[in-house]
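See below for the structure under consideration.
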Amino acid sequence: MATLASPAVPATGPGVETARSRIRIDRVGKRFATDAPDAPPVLGEVSIDVRENEFVVLLGRSGCGKTTLLNIVAGLEAPTSGEVRVDDEVVTRPGRGKGVVFQQGALFPWLTAAENVAFAAKSRGLPSAERGAIAGELLALVGLAGAEAKYPFELSGGMQQRVAIARALALDPHILLMDEPFGALDELTRIEMQNELLRVWAARRKTVVFVTHSIWEALVLADRVIVLAARPGRIVLDRAIALPRPRARTDADVLRLYESIWGALQ
Amino acid sequence: MSVIPDTVAVARASARTRAARDWRDLVYPAVAIAVLLAAWQGASVAGWLRPVQFPPPTRLATSFVELVTEGYPEGIALFTHVAITLQRILLGYAIAVALAVPLGLVVGRSPALDALTDPVASFARSIATLSLLPLAVVWFGTGEAAKVFLIGYGCFWVMFSNVVAAVKSVDPTLVQAARTMDVAGTALFRQVVLPAALPRIFSGARVALGVGFMVIVGAEMIGTIRGLGALIMEARTFYRTDITMVGMAVIGVLGFAIAWGLERLEAKWLPWQARESRRGA
Amino acid sequence: MKVSRKALGIAGAAGVLVAWELSARFLWRDAQVLPSPTQAIASAASVLTFRELAEHVGASLWRIAAGFALGAAAGTLLGVASGWYVPLARFVRPFVEILRPIPPLAWIPIAIVWFGIGEASKVFVIFLGAFFPIFTNAWRGMRSIPPVLLAAARTMDVDGPALLFKVAIPAALPDISTGLRVGFGLSFGILVAAELIAAERGMGFLVMNSRMLGQLGVAVFAILLIGVVTLVADGALAFGLKKLLGPRGAR
């Protein structure tokens, strides 16, 4: 039985929803100061429009610039050329409703799980009592009820990433940016976490940009897969996946998509 | 079903070897120390060891009692020596920490300030603290202030370097994560940089305390008769090697107790630190 | 970036020297309270020949070399052996752990009782200062070798002494070298203290003797000299260890 036991999530491919760009990546280029002048830039001229509540996966090999692109959208790095707009506002700095989940969680080790989530809620200016309630609610949402008082070092890698997701949600962001959030997890935990993410996403609709180098992960999660190639970082494939979730790896359509993405990666 | 009893048996066996190892870890050292003490005592009784060089353990015990009750030199009891030494250390240490932590935090956050101060700081750390003794005496006289200055100097540079290194080694993704939550400026510093740097600041505090302890013993050997360093030096001058040895033991116990106390404090204040990571630091 | 960092460092050091020079000459104006750097060098030049200076530095370096070499040899040997052979650790470590909290300087009086006031007592105290950190780091390095490394070697039929010398000791080398650096730094601090208290040659003696003679400038010069010699010696040791360890030594 190869069907992944993920909860049913309706597809929101192109045309399903009224198209409105939430994130507009407009001819973004990036060149590092340390690069040789004649070397190709890490990002050439990349343009992507992400619609409201769309789940976009950026896929590519190491060094294709996908993390750099995500950091630019997050406002953690500045583009060398072009610009990123979120809700028609140019991104110049991090924060302001852009939740980010990092590869290694980046949880604050001196705060408990609940305190980590509350930390994010605090930056929204919520009063202390409300923060605690939100932390409890979000930890329950990611399946961590009962782990509120645990410190990150007492949690497994998968549980840490659940806290990281809850923390990003506590910002009540419009968009969620995820940089290989499950990259350091083992295969089984990873599949579990993908299902969890879809479940959470079904409960709290967000615009998601998700970076990975796993084709399967992209196929299971995405409304739309964008494949990047390296030096200069550029889009080589932009494919909507209108298949209903949960998606089985053995499904003929999924396999066909796998082949075409694999081809684009060569 | 057969799997379960096996697992239990294995678990029991491993619990047994663990217990067995604990047992040997305690008994072997105890036996080794007992044998050494007995041999020392025996050799002294037999006249193979000169009492001036190796006073026998029983003699050390009575000297300890003498030191506690009558004191050495006469009238200055052990408690006084300990109190004076502790007071000097704590004062110098507290001043050093109070100065080094804020300065180190500021310098560690600024690459320019770090570059500017780095060579000066490493040079200042390279100067053996006790060599400053003549200057300290000229500036502060022969009293307490000079000793506190020396301890403060030694502790300050060690502490400062550790605080700078602690701030520089804060995981940049933690800072990034905080920025995605709209935390910046002094709030970022207080809520993220400082707690992230605390474990290393604490390990610096432990090293600095060791330095302070070393400096005070040396500083007390010159020009004073009160304090543990003075005690062991003075006793040597009058061939009271027994008192010197007891004094050394007291210094060792005191150093151990202070280090232990600091570790307890760290465990209490930094509960998120896994035990082994604290050990490894 | 690298060049400007270096330039800033030089600027910082120069700034401190200039500020010291100016404040000593124009603010304090008393070389018996705060001699300026140039005054310190001048007064040293007036009472010391280069030959005498070299003798003092040489005497100090010889003591360090002897004490540190003994401490490094004993610390590494015992540390590695007790890290490798657990029963030995059960006998060695209790003594080390009991004696370790006693600062090496506290051994000076007893060293004088045992070895007299000559060279041997100073070498002994320096030996102790070097021994403890070197032993502890070597022992810890041996205990923290990843077991999978030893298991991998065994699958290649490496066992017994070969396992110790070809696998375990190389794996523990970074820790051993950390211990050597720490022990070396400690040796210098102890050396000066030992020379302050009882010596008739060496850099620490120079500091103390200048104080007795009321030549504060010479004392300041000697203090700065101690700093320079320490930095240079530590740099030399670091360089040697880096050569020995290759890129693994960079930590």
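As written, the chain order gives the labels A, B and C, with residue 1 at the start of each chain.
The rule is short, and it goes like this: contacts are C-beta pairs under 8 Å (C-beta built on N, C-alpha and C of every residue); 3 or more make two chains touch, one makes a residue touch a chain.
In this text the structure is predicted, and so the values were computed from the model without any measurement.
If you take subunit A and subunit B together, no chain is in touch with both. Seen from the Cα centre of subunit A, the chain whose own Cα centre is farthest off is C. Taking the mean of all protein Cα atoms as the centre, the chain whose own Cα mean lies nearest is B.
Remark: subunit A and subunit B have CA centroids separated by 48 Å (rounded to whole angstrom).
In terms of their C-alpha centroids, the spacing between subunit B and subunit C amounts to 18 Å. Rounded to whole angstrom units, the spacing between the C-alpha centres of subunit A and subunit C is 52. Per the touch definition, subunit B reaches subunit C in the complex via residues 24-25, 28-29, 32-33, 36, 52-53, 111-112, 115-120, 122-124, 126-135, 137-139, 210, 213-214, 217-218, 221-222, 228-229, 232-233, 235-236, 241, 244-245, 247-249, 251-253, 255-256, 259. Contact residues on subunit A toward subunit B in their complex (touch as defined above): 74-76, 93-96, 98-100, 102, 104, 106, 108-111, 119-120, 123, 151-153, 168, 171. Of all the residues in subunit C, the ones that touch subunit B in their complex are 4-6, 8-13, 15-16, 32-33, 87, 90-91, 93-95, 98-99, 101-110, 112-114, 188-189, 191-193, 196-197, 203-204, 207-208, 210-211, 216, 219-220, 222-224, 226-228, 230-231, 234.
Against subunit A, the residues of subunit B that register as touching in their complex are 171, 173-174, 176-177, 179-183, 191-192, 195-196, 198, 270-274.
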